[in-house]
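Every chain is named by a letter (A, B, C and D) in the order it is written, and numbering of its residues begins at 1.
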Amino acid sequence: MSNNLGLTVKPVTTTPREEEARVAKWIDSPEYREKNFARQALVINPAHTCQPLGAELAAHGFEGTLPFVHGSQGCASYYRSTLNRHFREPAPAVSDSMTEDGAVFGGQNNLHEGLENALALYKPKMMAIFTSCMPEIIGDDLTAFLKNARAKGHVPKDFPLPFANTPSFNGSHVTGYDAMVLAILQTLTEGKKVEGRCTGKLNLLPGFDANTGDYREYKRILEAFDIPYTILADISESFDSPNDGTYRLYPGGTPLAEAADSINGKATISVGPYATSKTFAFVKESYAGKHVSLPLPMGVAKTDAFLLKLAELFEKPVPDVLKAERGRAIDAMTDAQQYMHGKKFAVYGDPDQLLGYVSFLLEMGATPWHVVCSKGSKKLDKELQALLESSPYGKGAQVWMNRDLWHLRSLLMTDPVDALIGDTHGKFAARDAKIPLFRFGFPIFDRVNKHRYPLVGYQGVINMVTEICNKLIDLRDETCEDRFFEMMR
Amino acid sequence: MSSPVKTVDGITKESTQKMIDEALEAYPEKGKKKRAPHLAPNDPGSGSACVKSNRKTVPGVMSARGCAYAGAKGVVWGPIRDMVHVSHGPVGCGWYSWGTRRNLMTGVNGVTQFAMQFTSDFQEKDIVYGGDKKLAVLLKEAKELFPLAKGISVLSECPVGLIGDDINAVAKTMSKELDLPVIPCNCEGFRGVSQSLGHHISNDTIRDYIIETREFAEPETPYDIALIGDYNIGGDVWSVKALLEECGLNVKATWTGDGEMERIAATHKVKLNVIHCYRSMNYMCKVMEEKYGIPWIELNFFGPTKIRESLRKLAERFDEAIKAKVEKVIARYDAMMQKVIDTYRPRLEGKKVMLYVGGLRPRHTVGAYEDLGMVVVGSGYEFAHNDDYERTSPEMPDATVIYDDASEHELEHFVHALKPDLVASGIKEKYVFQKMGLPFRQMHSWDYSGPYHGYQGFPVFARDIDMAVNSPTWKLVKSPF
Amino acid sequence: MSNNLGLTVKPVTTTPREEEARVAKWIDSPEYREKNFARQALVINPAHTCQPLGAELAAHGFEGTLPFVHGSQGCASYYRSTLNRHFREPAPAVSDSMTEDGAVFGGQNNLHEGLENALALYKPKMMAIFTSCMPEIIGDDLTAFLKNARAKGHVPKDFPLPFANTPSFNGSHVTGYDAMVLAILQTLTEGKKVEGRCTGKLNLLPGFDANTGDYREYKRILEAFDIPYTILADISESFDSPNDGTYRLYPGGTPLAEAADSINGKATISVGPYATSKTFAFVKESYAGKHVSLPLPMGVAKTDAFLLKLAELFEKPVPDVLKAERGRAIDAMTDAQQYMHGKKFAVYGDPDQLLGYVSFLLEMGATPWHVVCSKGSKKLDKELQALLESSPYGKGAQVWMNRDLWHLRSLLMTDPVDALIGDTHGKFAARDAKIPLFRFGFPIFDRVNKHRYPLVGYQGVINMVTEICNKLIDLRDETCEDRFFEMMR
Amino acid sequence: MSSPVKTVDGITKESTQKMIDEALEAYPEKGKKKRAPHLAPNDPGSGSACVKSNRKTVPGVMSARGCAYAGAKGVVWGPIRDMVHVSHGPVGCGWYSWGTRRNLMTGVNGVTQFAMQFTSDFQEKDIVYGGDKKLAVLLKEAKELFPLAKGISVLSECPVGLIGDDINAVAKTMSKELDLPVIPCNCEGFRGVSQSLGHHISNDTIRDYIIETREFAEPETPYDIALIGDYNIGGDVWSVKALLEECGLNVKATWTGDGEMERIAATHKVKLNVIHCYRSMNYMCKVMEEKYGIPWIELNFFGPTKIRESLRKLAERFDEAIKAKVEKVIARYDAMMQKVIDTYRPRLEGKKVMLYVGGLRPRHTVGAYEDLGMVVVGSGYEFAHNDDYERTSPEMPDATVIYDDASEHELEHFVHALKPDLVASGIKEKYVFQKMGLPFRQMHSWDYSGPYHGYQGFPVFARDIDMAVNSPTWKLVKSPF
């Protein structure tokens, strides 16, 4: 008998149990870890995805904006499903469904037809265009295509069509987010700068953040300060809209006029320096007012810094209500510190979030023992190292830059910790290591409402303390011998 | 399965056509023209498909469709549990299709089962210089780190085909070097019009690289069959396999739910192929029929009525012993299923359902809803072909709306017009309709439940449908203020 | 050898393992359940405690108020410790340390000396006096004692000294709460009613509620409506005060002047009908404005009713922000209903809370299979029955009135459910039944921050959905076979 | 244990007396007069107690004290695991003392171990008509529902003594009827001035009803001892028992941590009583000494220094074999303990502690803190007697403040003046001091940790003290705005 591979036909084999057991043990070993860390080409279970997903998230953050994927329709389906699953909310977006002929003739026809149809069917106020791989490889010239689209009347002349080049073979969802926000702000603010005008507002760049509660927390803080603000981009309503029996395509989002006027703001703060680096560079060079880049306000110190900066920029005292909230967060921390003190954590996630987790853990006297970023930079590495070195509880902790969750698994099996912090994708490693996974970050596919509870600000501190400590106590209650099962904890 | 033509009160060809026309009004002329042939009232009398299908998606319409890669990785390859499936290209495609299809698997993760995300994570430089060398290195690494993997599939993403890489050559070389089947599958996402071409390409790849490379170790019997086109969503394969074995048959291979590469490779030795998802696997059934003379039979394992019909149809292919066993099985389970029906039918009688899914579901599940007393008032596919719609027509009531590659705009319009009690579709539609206060079930993934196939599945299906339709939460949607 | 019991001296015995195993099995049996339910005199693991604890909680809810226990000091220590453990907060209170001679001569001397010392040391604005068993049995006449105290100058003439008779052999913490609030309001409002005056405010009687988040939620709702309010009694700050390095004896509490003026309110709503029945009767007969008794706003329907009543009483529309919150709660419920639908729960707690749990569970399509109240009434029984009968999901559910947690254990072992809702004291029964315990109610001794997350209002709905569903998913993830361990849930 | 007199920089008798006087200023004249004798600078040279104690609490001062019932139920009886302990009277007392003391127990809950809340739940009518009949009924019910219970204690709450019930008579009758020891304990909360009388009453009850009703089933040895006054908080008994057994001794009974009634009843047969908590159990040690000639020895198992001293003192009572074992044990553990000290002492050196607890802790734990390099700058008891303070004086540094039955006002004042780095007291004090940003450990209950006794305990203690003192959360208390 023959076959195309030219292989001899052999009988079906069965892996012996002992062999399975041997390899199962081996993959947990230090020896395997070494082999695993020697990988050069194969990536296994990366904790990041590609640029367009981030671009779509950003696009949803603007009023009446339809995300528009220039590329294959399958790409769009993937991004949408991911957002659906994480938020348990609709994620309306279109693509221009490029196929093989696009590869040959370019995607202009698809783009033009797509724009016209989308405009007619979904009546957006803006379409935010971003690319997936195909048009990037064949070299579609979006500037020209869009000029032609307006010229040919597919879209009205003044209809905003920001576009971002977001090939998947560059960066990650975080840089794609940055690119799209940048493109939108460039488009909307063009020609809007008015000498001498000041909106009096704060522009806040949250960066890639898929927790709608965080956005609401920023708003609550700014409202407590009585600081007028524009969040760029505001997904809080887009992905946490009420269910009142009516489906709305475009709930919430930053009003376009406000976004346009943001260039005349009093100040702009980025709280996602890694997720808005290009946007912030543009802001620095183009925007009126002050420009400040701060770390994500996660944990007490970083939240303090955020509030102090707000107070300084707007010459207002920190409001009493926030002082009281700080005190309540501290109260929660001091009351609960013993449940986390000395515990070792492994953490992974996007750069800005990672710095936040590490900062919070150190404040609680816990050690972020393995810090893994699957798409980072030397700068991030240094900043994480410095943060760890700033606390005695960072002693012995290691940063693993550009490592994936299969590396993480080896770390967990050979150098165990008490718990893991990260997104849903870490659940297999956590199970193998028999430790809990605290689902912070993106995406979360397997729990409900996680995106409704902020992790930033003092309320975020309380939420993290609550979730982590109560789960650790749950585990103690569930796993202890009868004689150690107690009423009080 | 030639049932009499069913009808639904208040639905006529005219009313349905009017609804379609209204939906089309919003389109620009060109779009309208393209979409119109894909929407039609059902005409079971005609004996043919009433809509056009398998055409390019109209740009900009918010389609639910995926791509060839999705059809290959997500549908066909992903469920083969003992292979390492490499998403070859940039990081995203593999990441999105990681753990998102619910094709359950046995085995030990990372040891004998590989439900992970393997990717070559192309960077700019790989685009510029090509990825073939990287591929060779990563194949070696995979073999070293996962020594019990029975093979490696290399699933091309868009860039691979566009930059001129030759994965087939690399696979050939590395197969020999590693003494391990390395299967190249040219399933770039830009190929074809939907995930459907991915199925076809994958079938062809199995034909070219896998089938006939193994033989079963155990002796042949007249009852050897393979279960084709069941992806073990929520455990479907386990339910159906147990049922077929209870009927006296030996299920030698499952394609590809909880699948094993070597058993798939030896499937040319079975006596009958039982196919569930015609769309994604008919190609290989036809190949095996032509090349090895293996007959195939298309069955439906949703709901007791269809299961009963299917088992009897199946028994016809075997001897009296099997027929007797089948009747015994039917008698045993019919009683159990009747209890399920008695529980749920009074709560679901007359409720209307709209379906929009893929594969076999838009037609195969109709009977199961009807077992529960429900009426299916609209159905359609993301990526069907003409033969799918031909098979759908007799299952659906007369004049109900059939939609191919529906856009969200169209679905919304039909739902507003038909006011179904349940919409059964995918994750991208779920929250749209739930926001309207409409009960919804994800019917690609059984909405994190299952199995729905076989007798094990029907009680789960019935409970889930009741839960969705009758959840008291829906009554709360309308605010008193 | 002899001993006082006149028993023969026998060797020390050891219970054989098999005997232990046999009895362990037996206590889980239907036969045991029958014996257990036949109990007439012995109470085992009751889910309620005595009146004075409720009285102390109420007292803490008023500005500058020192709770004062007329009775044994040990009583005071017990109440305080319980509140400390539940809130992880201070609970400053004094007692007049009655001892044996008090039993002979009465407690007047202790009371007078205690009032004088407490006034000097802790400088309260009010002392709220309540009794434990001893003075009640010996028949101390508090009216006379306090008159004498003022006459003798132990306390200033106009110093408010409300007192409540709260013997432990009557009622429960819930009725003790009622008695103390009543006494305080009677004292403070005496002579304050002004014909024709209307404060324009709502008086809200929350009833015994040891969740500070609930109070904050009421405030948030009322502020959203722009309805001025007085909460009687407001413990939210007393038991959730910031930690800023300064200890304050009396943080928060309802201002005394406001409480006094509450008699001239525009309307009074009780949302704890079982926990404020005497107070509400007093309000009805003495207070100006409208008087409304509503169920605790737990779950959507009961929250709707609360908001509708507010809208009606104050002739204001339900504010958009609350409409949106309602929609978000509904969204959380519809998204998550499948995780709770059809699940059976056992629930126990105080009457008002029980009605709330049952209402919420039915709204989610879950069945409150065993409903246990260890201190209830026929009225409560009827109301619970009616609630259960109002929903198909109440079918088969049973109400167990005046049963304790040892009865509950028998129910759980012989007629199992999926989960238990109640306070910390149910943890042993839950462990034996191998089901999770959702810690709602009072007291919670073994988890952190539970009192910071409201259970009332729409936010309460989201909190309950989140906690319950995510724990049920946790359990699925933790207990399933590998082949059912999935990325998505 | 006669160590040289210790001193603390900056603390003199004058400075301490000044601090005390300032604290007293806030009192009315009568209160001041009553409180003054309970507060004093330590005077180790005097050889006697420097404060008055065991007096009635001053009304209205916010004392931390409990009552006789608390001392009986919570301390002495509660830990006896195989008895049903009935809180006889209204519902509250038993409820408050249910699961709130951390006296851990082996056995199966409800089967052979009864850490539950049993109460007669007095209602108005029981007050009016008396509770004796109800008691008889509930005793029968308890026996029926808990057949493996070795006995039942009846612990009177306030009303019982006031309404003239005769629980002793009921107990006597029912003991016979049920053929089960029913032990009446007249520990009404109004008796005495603190929990201390509850201990005494309970000791007397053990003397009157329990001791000498059993004998050990196994043969006597010269190494038979009992561990007295250890309540197994967080597992203390398990730690010390293992240690004593490692030294070659047989721990025949533990009073009453993880205690068994029959072993307690047979304790008159041991050769030596080793007592840890002198306050709560010295009565029975004296009774056993007088009545059965059993010597007793008071030991301290906190921290390596005191453990070493204690073990050697203990070895003196036995033969050379035990002495040799004890030295081996000390040598083995000293090395381990040194590692603990090396880890934590650098982080804790010179840190100041204030103690306010009960039982033995205000003196016994001093050495353990000193092992960690810490200085105890104040100590006092809730319910001590003169003999406790006599024993405390030499342990505490000269001139440090000693307070008896301190009020919250006094503690706050001392803390403001002394600025300790750690306050170690009870739950009622915990959050007061934490609100001041002060590290705190609950030292009645080991703050949900433990054990702290023995060599197993010291590493836990050291870790916990470090965790409390050095938690980075304290640095966050001061707001930058």
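Here, a contact is a pair of C-beta atoms (placed from the backbone, for glycine too) under 8 Å apart; a residue touches a chain by one contact, two chains touch by 3 or more.
Treat the numbers as computed from the prediction; the structure is a model and nothing was measured.
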Hey, which pair has more contacts between C-betas, B-C or A-B?
A-B
Distance between the CA centroids of chain A and chain D (whole Å) is 53
Rounded to the nearest Å, the gap separating the Cα centres of chain A and chain B is 31
Could you please state the distance in Å, as a whole number, between where the Cα atoms of chain B are centred and where those of chain D are centred?
68
Junction residues of chain A - those touching two or more other chains:
85, 88-89, 241, 243-244, 323, 326-327, 330-331, 334-335, 425, 428, 445, 486-489
Residues of chain D that touch two or more other chains sit at 98-100, 108-109, 431, 434-435, 437, 477, 479
In graph terms, with chains as vertices and touches as edges, which category applies: line, ring, star, complete, or other?
other
Would you mind giving me the full set of chain pairs in touch?
A-B, A-C, A-D, B-C, C-D
With touch defined as at the start, can you tell me which chain A residues reach chain B in the complex?
1-5, 7, 9-15, 19-20, 23-24, 27, 32, 35-36, 39-46, 48-50, 52-53, 68, 72-75, 77-82, 84-85, 88-100, 102-103, 110-111, 113-122, 132-134, 137-138, 167-170, 172, 241, 243-248, 406, 409, 425, 428, 432, 445
Residues of chain C that touch chain A when the two form their complex
85, 88-89, 240-244, 323-328, 330-332, 334-336, 339, 424-425, 427-428, 431, 445-450, 452-453, 462, 465-466, 469-471, 473-474, 477, 485-489
So, in the complex, the side of chain A touching chain D is made of residues 300-301, 304, 307-308, 311, 317-318, 323, 326-327, 330-331, 333-335, 337-338, 341-342, 362-365, 391-393, 482-484, 486-489
List of chain B residues in touch with chain C within their complex
98-100, 102, 104-109, 235, 431, 434-435, 437, 445, 447-449, 463-464, 467-468, 470-474, 476-477, 479-481
Name, in rising order, each residue of chain D that touches chain C in their complex.
26-28, 30-31, 56-70, 86, 89-93, 95-100, 108-112, 116-124, 126-127, 134-135, 137-138, 141-142, 144-145, 147-148, 150, 157-159, 161-163, 175, 181, 189-193, 195, 208-209, 211-217, 260, 262-263, 265-266, 407-409, 412, 426-428, 430-437, 477-479
